[in-house]
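Each of the two complexes below includes chain A, the first together with chain B, the second together with chain C.
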Partner chain A sequence: MKNLSQSLSLIDLIRKKILVSKINTLVTLIFAALTLWILYLLVNWAFIDAVFGANNRSLCLDPTIETGACWSVIAARWRLILFGLYPFEEQWRAAIACFVIILVAGLSTLSYFLSAKNLSLLWLGGFSLFYTLMRGGIFGLTPVKELMWGGLPLTTFIFSMVIITGMPLAVLFALLRRSELPWISRSMGLVIDTIRSLPLLAILFTFAIVLPFVLPGWLIGDKLYRVIIGFTLFFACYQAEIIRGGIQSLPGSQEEAAKALGISYWHRMSRIVLPQAFQRAMPPTVNQFVITFKETTLVSIIGFFDLLSSANAAYGTALWSFAHIEVYVFVAAIFFVFVFTLSRYGAYLENRLNVTKH
Partner chain B sequence: MIKKTNVINISKMNKFYGKFQALKDIDLKVEKGGRIVICGPSGSGKSTLIRCINQLEDHQSGSINVLGTLLDDNIDNIDAIRREVGMVFQHFGLFPHLTILENCALAPMLVRKESQANANMIAMEYLERVKISEQADKFPGQLSGGQQQRAAIARALCMKPKIMLFDEPTSALDPELISEVLEVIVSLAKDGMTMVCVTHEMGFAKKIANRIIFMDNGQIIEQAEPKSFFDNPKNERTKLFLSQLM
Partner chain C sequence: MFSLFKSRKNRNKALQIGFVGFLILIVIAFILTARSNLESQGLTSGFDFLDRATGIGLNFSLIPYKSSDTYSRALLIGILNSIFVGAISLTFATFIGIVVGVMRTSRNTMAKLIGTTYVEVFRNIPLLLQLFFWYAILISLPRPTKTTGIFDMFFLTGRGIFTPGLNISGNFVFFAIMVMIATSGFVLWFNYSRRFLKFDEIKKFKIKRIVWIVGLIISIVLLTIGRIPGTELINIPYLKGLNYRGGICITPELMACIVAISIYGGAYIGEIIRAGINSVSFIQSEAAHALGLSNWHKFSRIILPLAIRAVMPTMINQYIWLFKATTIGIAIGFVDFFMVVSTSINGSGQTLELIGILMGGFLMINYLIAWTLNRVNNLIKLKGIQVN
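Our next item is the complex of A and B:
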């Protein structure tokens, strides 16, 4: 009986919300058919007619049979896509390093690590392990120069470095921007506005190519780290404005109440203002994370083989040039997994923080 | 006769917002254990005056001396005074991301450097005093307005202040919740707490004040003991104000 009434109400719902009038019904049917048709084509292409197996390249190219996706390219070239130019025999190191970064990112979401001290220790450990594995040169690991790093480990490394170092910088920028001393707040505002008005590409290019001409030799460092510093500055300026927005959305009474209790500036910021500002700034912050993750692909311009450019390389030979769509679908799927995880985590955090409101 | 010491001593104090003069030549002395109620029409500078006492607003001329400390540009002086002067706001100002207990224990821990256990003990003591100890683990948003204001009073008391400032503590409350908050303030007054209170509750003012101050246009127009203030106001503006209230 219960089932029957439920299904009845579902039919009711459809009738009331979707099949309201003749035109409504017609539009619904047309779009339903269209969706099904596209879905059918996609499933056919990706699974039913698809060719699998690393050695089936000739099957993909056989003109006598109708074939869908040629996943052979992924089977044959996945290590190039995932690890770029990293030496083939050492790629296990890159795989572990990449896993370390993802693991550390996952651990940072646990409430135990959500304090400045624990979080910085965790990431310091994570990055050292990553660097040791990737760079080698000790413990009998063959040295591999930063220029040879590539693929997913490089992408996750750049992304997490930018976030982890950019976040404290963004907080500092936001607080300086709100300083009561006009010359501090104005000059910070000028710096933020200047960096925000430059294209990221120009900044990366400047840090990678132009800076070595200006800096003294001992300050130049590796191109990778210069690029990360430029990227971090860019991220920090945007994120600072997001945090400032969060701070300014708080009622002034919060800071006043803390002042009236005699609580000092740093404690007011760290215990009262910033926790609430972050809570309010959570949606745009996750948004900024997502944008930053996708923008890491820009480092390909200055000669780094991040995930996207090593994917380019994977079909860039005469052997597989016909299979670029499959490669891009594969890379898109990886990006989707990362970005989707990020946004789900953001939604989870928002929910958890909202428990305190009501 | 033992001369009572003044814990607040304001003389010739002026406060400007840009060109607008919010307070004019304020002279105010509060003796230890004094219970001052400030009333007056809105915009008369009542809140501004008590916010100057703990320097949430700065003054441009004249002097403010609280507990023997002259309040000038010295940040250390201001912080020292804020530790000893508790304040209760119209809109409570509780920290929404902390529980009631954490709200109360925070300042003793950060400012008085109490251990967490000690701070929690102090917090529970004052939460019991304002009769909401059973709400200690809830967040401010889960409490009624009256409970929130009592929690805010407890939070201020946890710093063991020598002076309490109340800035319209019942103005944001539903009428039926006002009395529970006033009761708490009355019991504080009975214990001899020095307090300065801005309020529109004249019945309450009559009950607790030993002096009532009437302000208009940024000036202190009249100050008197409650009985003579209500029964025999001298200034025309005071008479007009009181007649509008009755």
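Our next item is the complex of A and C:
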């Protein structure tokens, strides 16, 4: 508990030293006034002066009255924003599919699922359910091609594909990079460092547009899956470094003891090193999930209809072209809910880890 | 044959050869298929296209450019624009980050609340969404004919922000800025490099002064040569027809990129600075207090320098990451390196070469950032063993 008491007293010290009481009060007053003013403007804009209801478009544009936000655009186009071009009658499937993934993500925080086997079973199960619901074709569901997917389901699809395939790949990369054989670790290090120093957008672009040039015809496949492979590779390289950090933070005696007991390499890794490394690497891993979720928006530049593109499409018609701020605020709120929850979970894990360490 | 694999040494050798061979094989397979695919389309590989005229128009460049210029010049403009945006945004992001980090560690509850809200809001919304948001706001500013200027000099319009500029041709301004950057770089290096530690202070000061004067004279001479004859020195924008003429136009694309990356990066850097300030041992400030330092000096001379030293390695990674993020400018049509590369791919069809140039450029720039900042880190980091 040494760290905790130290940081507490540090905060106290900063309290005493940076601001003298009079200035402090003044600063508080100024900041409070500023905050209240911004809050007043925001509340006025978003609620009091705002226009609600899908049929009130003309009210928003009425020059005689002063209006704030025009939430009519959301009321009128929320299904386009959330589900993109997915067939209108089938959108309940997309909604359930998204809910399944959210449920799975929530369940993975329970301690029962915090083992490699249970976690991978849970995610594979959830993901198959998601895919079946979205793709259809069996159980009497009308088939919907990936081309028609969009909005939140597409974002969740790319995100969960990247995580599910990227995690095992990251473990493999980390183990290869830590290999005792110099040529394997060096060449793996070169690959990881090169990919990490490139922008994700350049990688996605390369996989979407350049890869067809360098692959034989039968290997090209769908553009969406190529982009996901590129994304997975990028994620795996970053995640491999996080896992490697976790492995390196373990005392070397753990592995030595296992070696002395004559435990084979695979058992040493899967039973002793990796579980402990994962526990230590959990906070940065969650952080990497957060970053990955935010970066799925980049696929909109390559031409996919994810949540951000469908937002652009929602105000892209002449009818609603004035309401861009409202649409962006709505989509930002959706992203915020997901990302904020995830990052809070990461902070919680970090705190728990710090408490158990001391 | 199989007895060979019984010895661990041979097995390891075989494993390594197999792995490296596998990687090389993938690369060779890529190159061979690419070549045969290109040949079937009648394209020849090679870097000859770099000397051909592009025929592409670029809407923003720091050095003069015509669409009859070569691909290599267009690529150079792309790199310069990327570095330009990166340098400005990272500077602003660092400044915002320090302010936010200090606010979050201060005793003032309101300041803490504002800092926390800032970080949580801007860190949890995707950068691309923020970029679109700022861009949408900037281009929905009033039309040029409907704006009123600030002091009749600055004009905020939907087509960009117009500010007064100098009547000097672009090339010369560029060279003058380069000379000034080189001069300050040299002075910094001369001041801090261990190689010159033995020089005594007065001699060092004299040399620095001479270098400054020479650099200033060269840039002033460059600027005087570059003056466009028959015009006034300061060029104030004026309304002509439907748009402003003269002065400097900060395009909405450039502005949105700078605003978005600065605000987003500021939230991340703020968290790093906060961790740094929290990591400074309280004994340091007790000691400073015992020596009678004022509150401001304690913070500015003791805590902040120690905090920045502590977080320097994290900051290097953050800078590289933010620099890579400048590529999203393509989403709103800002002409950065990535955008030039992708339009050149459309124009010339030399996909593989251009992707190679793109990767090479980013590797080089990132390596340069890491190398420079690591040198800075080595210079400023605390020497010897630290006792807490």
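Going forward, the second predicted complex is superposed on the first by the 323 of 358 C-alpha atoms of A that agree within 3 Å, B and C clash if a C-alpha of one lies under 4 Å from a C-alpha of the other, contacts with A are read in each partner's own complex, and residues count from 1 in each chain.
To be clear about the criterion, contacts are C-beta pairs under 8 Å (C-beta built on N, C-alpha and C of every residue); 3 or more make two chains touch, one makes a residue touch a chain.
It should be emphasised that the depicted structure is a prediction, and the values quoted were computed from it without experimental measurement.
Asks: Using the touch definition from the top, say if A:L103 reaches chain B (first), chain C (second), both or neither.
Replies: A:L103 contacts neither chain B nor chain C.
Asks: With both complexes superposed on chain A, which partner does A:S253 reach: first (chain B), second (chain C), both or neither?
Replies: In the superposition, A:S253 contacts chain B only.
Asks: Let me test your reading of the model: by the given contact rule, A:L147 touches which partner, first (chain B), second (chain C), both or neither?
Replies: In the superposition, A:L147 contacts neither chain B nor chain C.
Asks: Contact-wise, after the overlay, does A:T28 reach chain B, chain C, both or neither (first, second, both, neither)?
Replies: After superposing on A, A:T28 lies in contact with chain C but is clear of chain B.
Asks: With both structures superposed, pick whichever of chain B and chain C touches the larger number of chain A residues.
Replies: Counting contacted residues of chain A, the larger count belongs to C.
Asks: Applying the touch criterion given at the start, work out whether A:I272 contacts chain B, chain C, both or neither, answering first, second, both or neither.
Replies: Touch partner of A:I272: chain B, not chain C.
Asks: Which partner does A:L261 contact after superposing on A: first (chain B), second (chain C), both, neither?
Replies: First partner only.
Asks: For A:L39, select first, second, both or neither according to whether it touches chain B, chain C, the two together, or no partner.
Replies: In the superposed model, A:L39 contacts neither chain B nor chain C.
Asks: Which positions of chain B touch chain A when the two form their complex?
Replies: 54, 56, 79-80, 82-83, 85-87, 89, 91, 93-97, 106-107, 110-111, 139, 141-142, 152, 155-156, 159
Asks: Note which residues of chain A are touching chain C in the complex, please.
Replies: Listed in rising order, the residues of chain A that touch chain C are 6-7, 9-11, 13-20, 24, 27-28, 31-32, 34-35, 176, 181-184, 187, 191, 194, 197-202, 205-206, 209-210, 213-216, 290, 294-295, 297-298, 300-301, 308, 311-312, 324-325, 328, 331-332, 335-336, 339-340, 343.
Asks: Of all residues in chain C, which touch chain A in the complex?
Replies: Interface residues on the chain C side: 12, 15-17, 19-20, 23, 30-31, 33-34, 37-38, 102, 105-111, 113-114, 120-121, 123-130, 132-133, 136-137, 140, 277-278, 280-282, 285-286, 289, 295, 298-299, 303, 320, 324-325, 327-328, 330-331, 338, 342, 345, 351-352, 355, 358-359, 362-363, 366-367.
Asks: State the interface residues of chain A toward chain B in the complex, per the touch definition above.
Replies: Interface residues on the chain A side: 251, 253-254, 256-264, 267, 271-272, 275-276, 279, 353, 356-358.
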